[in-house]
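So, here come the structures, one by one.
In what follows, chain A forms one complex with chain B and a second complex with chain C.
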Partner chain A sequence: MKVSRRSFLSLIIGGAAGTALSPLPAKLMDDSAIWTQMWPWTPVPEDGEVSHVDSICTLCPGGCGITVRKVNDRAIKIEGMKGHPVNDGGICVLGLSGLQLLYGPTRVKTPLKRIGARGEGRWEKISWDEAIAEVVKKLGELREKGKSHTVACISGADRGTVAHLLGRFLTVYGSPNFIRIPSIQDSYELTMYLMQGVQASVGFDVENADFVLSFGSGLIEGWGSPVRMIKANSIWKEQGKVVQIEPRLSNTAAKSDKWIPINPGTEAALALGIAHVIIQKSMYDTNFVNNYSSDFEEFKQIVLNEFSPDDVAKITGVSASTIESLAKSFARASKPLAVCGRGQGETPGSLNEFMAVHALNALVGNINKKGGVWAVPDPDYIKWPEVEMDRVAADGRNKARIDGAGSKRYPDTRYLLDRLPDAINSGKDYPIEALFVVGANPVYTIPDSNAVKEAFNKVPFVVSFSSYMDETAANSDLILPNHVFLERYEDVPTPVGLQKPIIGLAKPVVKPQFNTKHVGDVILLIAKSFGGRIADAFPWESYEACLKKTLGNKWDKLINDGFWSDSNFKPAVWESAFSTPSGKFEFLNKGGAESIKIEGDKQSYPLILIPYDSMRLASGFIGAPPFAIKTVEDTVLKGKEIVVEVNPKTAKEFVEGRHAILSTPKGQAKVRIHHFDGIMPGIVALPRGLGHTAYDEYLVDKGINFNELIGPVEDLVSGLNAAWGIRAKLTRA
Partner chain B sequence: MSTSDDKAKEVSAEADVSAEAVDEVETASPPKVNEKKQDNGGLGFIILFFIIGLVGSLAVGWWIFPKLLYSQKKQPIDFNHVLHVGTVEEGCESCHYFREDGSFSGVPKLAQCVDCHEEVMGEDPEELKFVEEYVAKGKEVPWLIYSRQPDSVFFSHAAHIKMGKVDCVICHGYIGESTHSRVYEENRFTGYSRDIWGKNIAGLKKNTWDRMKMDDCAECHAENRAVPKTVETLPWPISWMPRPYEKPASSQIRVHIEKDACFVCHK
Partner chain C sequence: MKEQHEHTKARKYGMVIDLDKCTGCGACMAACMAENNVPFKKDESDKLLSITWMRVYKLTNGKKFPEADICYLPRPCMHCEGEHGHAPCVSVCPAVATDYSHETGIVSQVYTRCFGCRYCMAACPYHARYFNWWDPVWPDGMEKYLSPNVSPRMRGVVEKCSFCFHRHQLAMNKAYIEGRRKLEEHEYQTACTQACPAGAIIFGDLNNPGHAVTQIAKPDHKHGGRPMNPHAFRLLERLGTNPKVYYLSSREWVKRAGDNYIENES
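Right after this comes the complex of A and B.
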């Protein structure tokens, strides 16, 4: 007797029969279906109690209201707050991705002290006490040596309690160097100041305008408060017209009623050309011009002599007949509105251009009128007692600012961050010994990245308050991580471009996830460690107490509704709107309409490089989160390579999709070519918001940073950066 | 598959071949007798092995497999429902209540327990453990949930309890009458509780609360002609196991697929 192959087969058959008669196959099949729902990489929100917290998004200056849905203690989704005066339920891709900035991998989880070389990425975790002691020691030494003015602070904002606390600390400590991140706000504020004599932010009554003349503003690409502008654009579709003037067929241009391609950088001339037609044909608002403006005759002479449609056509490339018809449509519209500031408005631009465009608004009499441009006073709820400075502080405050703002040369400009790198690198004035960066990422966002890095390396003590390991944090000596916007209280005064004063309150949606501290609390702790008058200037126990006291009777409303607005607000009437020396609107135009000369000579660099902005790429202080970067098309970013847009006529020798070397006087980069009929010949366009060297793996090393290829160009009147592009060339890779 | 006759033929043919081979070596031996013996022994073995295979796999499938498939877990705290139901005023809903937005709270959170158990109230060592390890440390109790459905299932308690007036017992059984927490059997493969498939590995059930599969939803919906109709109107049986219940005589489960029917429960 032996066991044969047949017996074995028989065993298998018996086994198969038995298995089929057992519940095993059915059960396993059922279980495998269920198992597929248990894969650990499938994100499933936990089950639990759902709640909603209203807050304000502070990822950009747009100030949208948000409603965050939570399950238990976990934030699940960010939605736009219904009924909020800015965005009424809408939200943008960055705001929607905000949770990735809360829970994502890019956060700084505890105070860090550099142990390797600058930017090497070697850090030591330290406690908050040690971190604050470190700052106090350094600042104390500088102050003892009478060098308090060598401390500078770069801040993302200059309004709201956090910025005021920073400014107050610098004042009482003894430094004049509080510097805000540049944007078109600088130019608009200066325009308001020079032409209307008011210190106010500019507001646009976009919802009521019926003819919008945009000089390159990315109206639906992040200019102003992005969600509000997109909503306004929907209104214009029904009852209005949009004319977009820019050299590239942007999304805004594509969605407008008329796109007028223009030689880049000649927008001021076009505005004055339009003014010429309006004045010549007497289509301006005579009531406003005759009764509420001064030096109109002088303005008229300049415009009529130098900016005839034919002359302007030569400069701008826009035909004389187009200029005439534009002028007519603009002047005849019942609520015309002219706006400027290119793309998302991150580069201040030339003052001439802003004043020329604002003059158009004045000519049609839409200043402080429905559908027009309004001067919006800041909601003045921050009424802290004046600080008492000691002698050191007073001496320090009397020193000239390092960036040259408020100097004889640029008396009316408040901040000139773009001049800071050069001021530090040239060593002309005094060295900066300590630099604080709050709510900003200058190493990434300021033009001429190499010069910025060099300047940072010359500052012996750089402190970053960033919640994220951004480029500036990576190049600092000490990181004191702030709570992210979903973890902290903060007041958000009138969002950029809004026509009425409101205050929003950002509230903690979740508990702080890591060992971070509110920057307001850190300032209070530093001040208290100094004692004396510095400590006296900060009588509050905590930032929250300070905020609550400052907001006073508005606090309850802010907590309940998320925002406070002055329902009775009306813009000043023309009789009392202007505080210029003449008491009227001043058409004066400080430097004529010379266009800004960009860097580079035509022989070596035959092309012009301009940047463009997109809603999908955050190009400011916050880097685009993974959700947003996923939405970027292949014609912008192909794998890790950046794609530039060139007109097929210009790029004859380059095959679509192939590599090329893009060089400018500031640097060069390998790019891919995309033939695009929607861009004027002779121009290369590069997307902004890419080329990060810090943040997380989803963002790092993707494309190149436009700021590495361009440097600032100083506006002659304001000193602000007016560079709208740079000369460039493309060579085969 | 070949018939048994074919099989016999194949076997004998093969035996012939081997017999011839034997002939060649040992010329004198009478081949017929040997052939017969070998044949009988082989068949016996074949049947024996078939039975071993059959019985073995049946044993594996019905007895060993369930033992291997489920791990036995103890609840972190042995909970006495009877004691609690006797103390609270509103029965089940005192702890398992509907939130303001209509969602169901399920297993209570620590915050609810703390309302009474801030301090130790009785002498039960389990309560002491609860207060010391969870209440004092502010830690949530990691309760193991017997009735947790896979993530693909959307189930609204409000629709069933408030609108359908279904008693808790129909699905959850007489859990309120338990004095100890029973062992939680976790499916090692899927991670879900054994209660979903049911204790009986064949899927048989005596009571409505013995199983919580989709068929059970469908059964109840068919019996009660409950809305949404979509639950009772699937054209094919979900489970191929024999159904332990009679279909309601009055109504055949109608084939009637409405648009988006699946997504009523599978969001």
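Right after this comes the complex of A and C.
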């Protein structure tokens, strides 16, 4: 039989058409789908012996106790520690996601030295010996040239042994520039110092308060120790009232008993308006005011003359009758408490506002009382011998701080990190030749990101101790990766806002996963390489030995229970509570009072941009891990685009979900619009914690960083950043 | 009447969620993901494709500023009993991959039986079920935290909240070894209950008058488990799904939102 071209083609085409019409392709596809489903690419977690290790979470200053479940040597899950005085079993999104940080792809696995341009991401792996030699060489050169004061260190904390080791090293080395990351702690510490004359942390006996007046504090959105505050909120639901004052219906506002929208930035005036009513109607605590305060009459005159409810109503937009009823409920409550510090409290704020709010607490006499505001001394356990400085160190220490803290202009402020970028960029004082960053991510968290990056680029030697490839590490010259919190020992002194002194102990839950080193050990190694007085100041052979010795007889209790608390602690009685020049509580700030003007003019920028915080987005030095990002709503983040909240009245010309350009004097960004009735007209709210340029693919390049759109505004009395927002406009994209 | 007798002895695990206390912090969602090896993708902002056994919804009252109000509503699987265990999803599953346990009141999901027809997803009025469109991928090294108690799911199957059933199994094993047949209330708690910083979630046996859930929700077993507590309600009560998750709220608009009222309906 002859196969013709025609019959051959018929066979092929007919065969193909027949096959295509038969169930075969579908069947084959289905089979291959089922077959590949059985491929072993779904992991089968290995079983083994289960154990539990107690420790402390250090991902935020909240200081919660955690219990980590392990299977063999793998950490499986982080849970809240039952019975811990801060969180008693509760835990937050970030704490629950801790293992994604431990085992995640953002870890810096070994010391790295930059080989490309700054921020280019090209690194050379080096050994610890080389890394430490590199630091010692650079520091040695600077010291020889008498430039020891040009070394600065940015630290996430100034309490605890690690911070003390850092501070001690800077002291014996000869630099005055130890700078703590700013927060409302700065403002509150200064408030306590100026009004009560004490150097203490502020503690709030929130569990016992029965009327909480919050001036924009995100009580359940990460303010203070987050889990503790959420627990307190549940107590208030049964026996207390909360009034939330802020321009946006935050979660705190929604959960409060009353939400009072206020023109943003006018909180201080409202506090004084409330004070006016309390004083005028003689509802204040006469015992406290008459016997334990010194300048009440002056305060009274100012408040009565300048802050009548009608005047305050004009400024704040809160009606006079509301102000009166607020004052009455506050003063009549048996344990009232007024707090401030916006959102999670990551921006310090104006001193004026903090003092005005604290004055309310004084008026009702709840200082150092049950349900009130307590001055909490730091647990006094770090008792190391005084350091002996050599000549170079003494000279260096005598130089003025680069950030202006403690200067004539800002004599009482301790740290002013927000002023650092400008100080470096303007070159007014002296250049910073070397910068060390520990437990902080300033490139991301400090306002005016462009200025911060510019400043970083002017520093020739930046060393990051970060465990993760965060923005600061990515823009450094040398990374000396610290163990993550689940791999290291560390003491955690009293969590922020707690009313009694406690110490927590973070313990290694698992062995170090990579070639990392405890930052405490690295400081010891650097100091020892110097020899002389510097080495003498560090007589410990390792960080662990130092910690054990420092904690002394508390060590065993800390190892067994995970925390130590001073059960006998009582706040100072009024007779001995105040160390001001008058020995009494002082209402007035002698430095004067100025209101804070935000950046931008009304003509070009008709709207006001404010940030908002959420428990689901970490906005501090840790970036949100994958679990946390997954919990974020699509009205906050859509794909890679950030969503801003605007009142439908203000955003008439913008369709829900559509794009717009948000501009401020500092920068602009493409955003999506979300119509939200819970926000005052004229205001745009942007979530914080997004817009990372570093970390893993689950976080990077999603949304924009609020700090790119805002710059710091200096409080004239304290020098702290008091910017609560910035003028802005929305235009069509 | 033998079967009836067994029913009354059986446990019926359920949950009460206090929406007044819930702050919308999301800890329950993360606790659930960590406990149950729930995977994550690069982009999780398309919530239809985002696997969240526990999902916290944000409700709004629809009013204008300043009367606007919001409320968060955590939504696990409701573990519907329907009538005699005929949960909407159980009735439609052609593979017996999901079943109602009369011993615990838990609606199971057997991944190895599921062939991915997704009938159950269509039947579930609570959107509590999720389909694995892709195989789960953990970044290099992150498989280390996976728990051996819950098997990671493969592509092509449906998954949902199990009331942390593996915790029940572990607790029962322990009880058997100790010669007991019953569990104390604290011995079996879900991961979300344990994590919730607000203490807003309460979990226990709705058949046990000693358990907090029963005392708070006061289920009326004669009338399909309806709550007798006037502050308590269930989602889409009128569908007759007989869910075992009860919600508490003091706000009237929240309670109304729970049953999908249409406008102007009384």
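Quick notes
The rule is short, and it goes like this: the second predicted complex is superposed on the first by the 683 of 733 C-alpha atoms of A that agree within 3 Å, B and C clash if a C-alpha of one lies under 4 Å from a C-alpha of the other, contacts with A are read in each partner's own complex, and residues count from 1 in each chain.
Following the convention adopted for this analysis, contacts are C-beta pairs under 8 Å (C-beta built on N, C-alpha and C of every residue); 3 or more make two chains touch, one makes a residue touch a chain.
Fair warning: this is a prediction, and the values are worked out from it, not measured in the lab.
In the superposition on chain A, contact of A:Ser32 is made with chain B only, not with chain C. Put simply, more of the residues of chain A are touched by C, taking chain B and chain C as the two choices. Of the two partner chains, chain C is the only one touched by A:Val227; chain B is not. By the touch criterion defined above, A:Asp47 lies against chain B and chain C together after alignment on the C-alpha atoms of chain A. When the shared chain is aligned, chain B comes close enough to touch A:Ala17, but chain C does not.
After overlaying the two complexes on the shared chain, residue contacts for A:Ala117 are found with neither chain B nor chain C.
In the superposed model, A:Gly90 makes contact with chain C only, not with chain B. Residues 34, 37-38, 42, 44, 47-48 of chain A touch chain B in one complex and chain C in the other.
Residues of chain B that touch chain A in their complex: 11, 41-42, 45-58, 60-62, 65, 69, 99, 101, 103, 105-106, 109, 150-152, 187, 189-192, 197, 201-203, 239-241. Touching chain A in their complex are the following residues of chain C: 20-21, 23-27, 29-31, 33-35, 37, 40, 42-47, 50, 52, 56, 58, 60, 62-72, 135-136, 138-148, 151-156, 194-200.
Against chain B, the residues of chain A that register as touching in their complex are 1, 3-4, 6-8, 10-19, 21-24, 26-28, 30-32, 34-35, 37-38, 42, 44, 47-50. Interface of chain A with chain C (complex): residues 33-34, 37-38, 41-48, 71, 74-80, 87, 89-93, 96-97, 99-100, 102-105, 220-221, 226-227, 230-231, 233-234, 237, 249, 251, 254-255, 259, 261, 513, 615-616, 626-635, 637-640, 647, 649, 676-681, 696-698.
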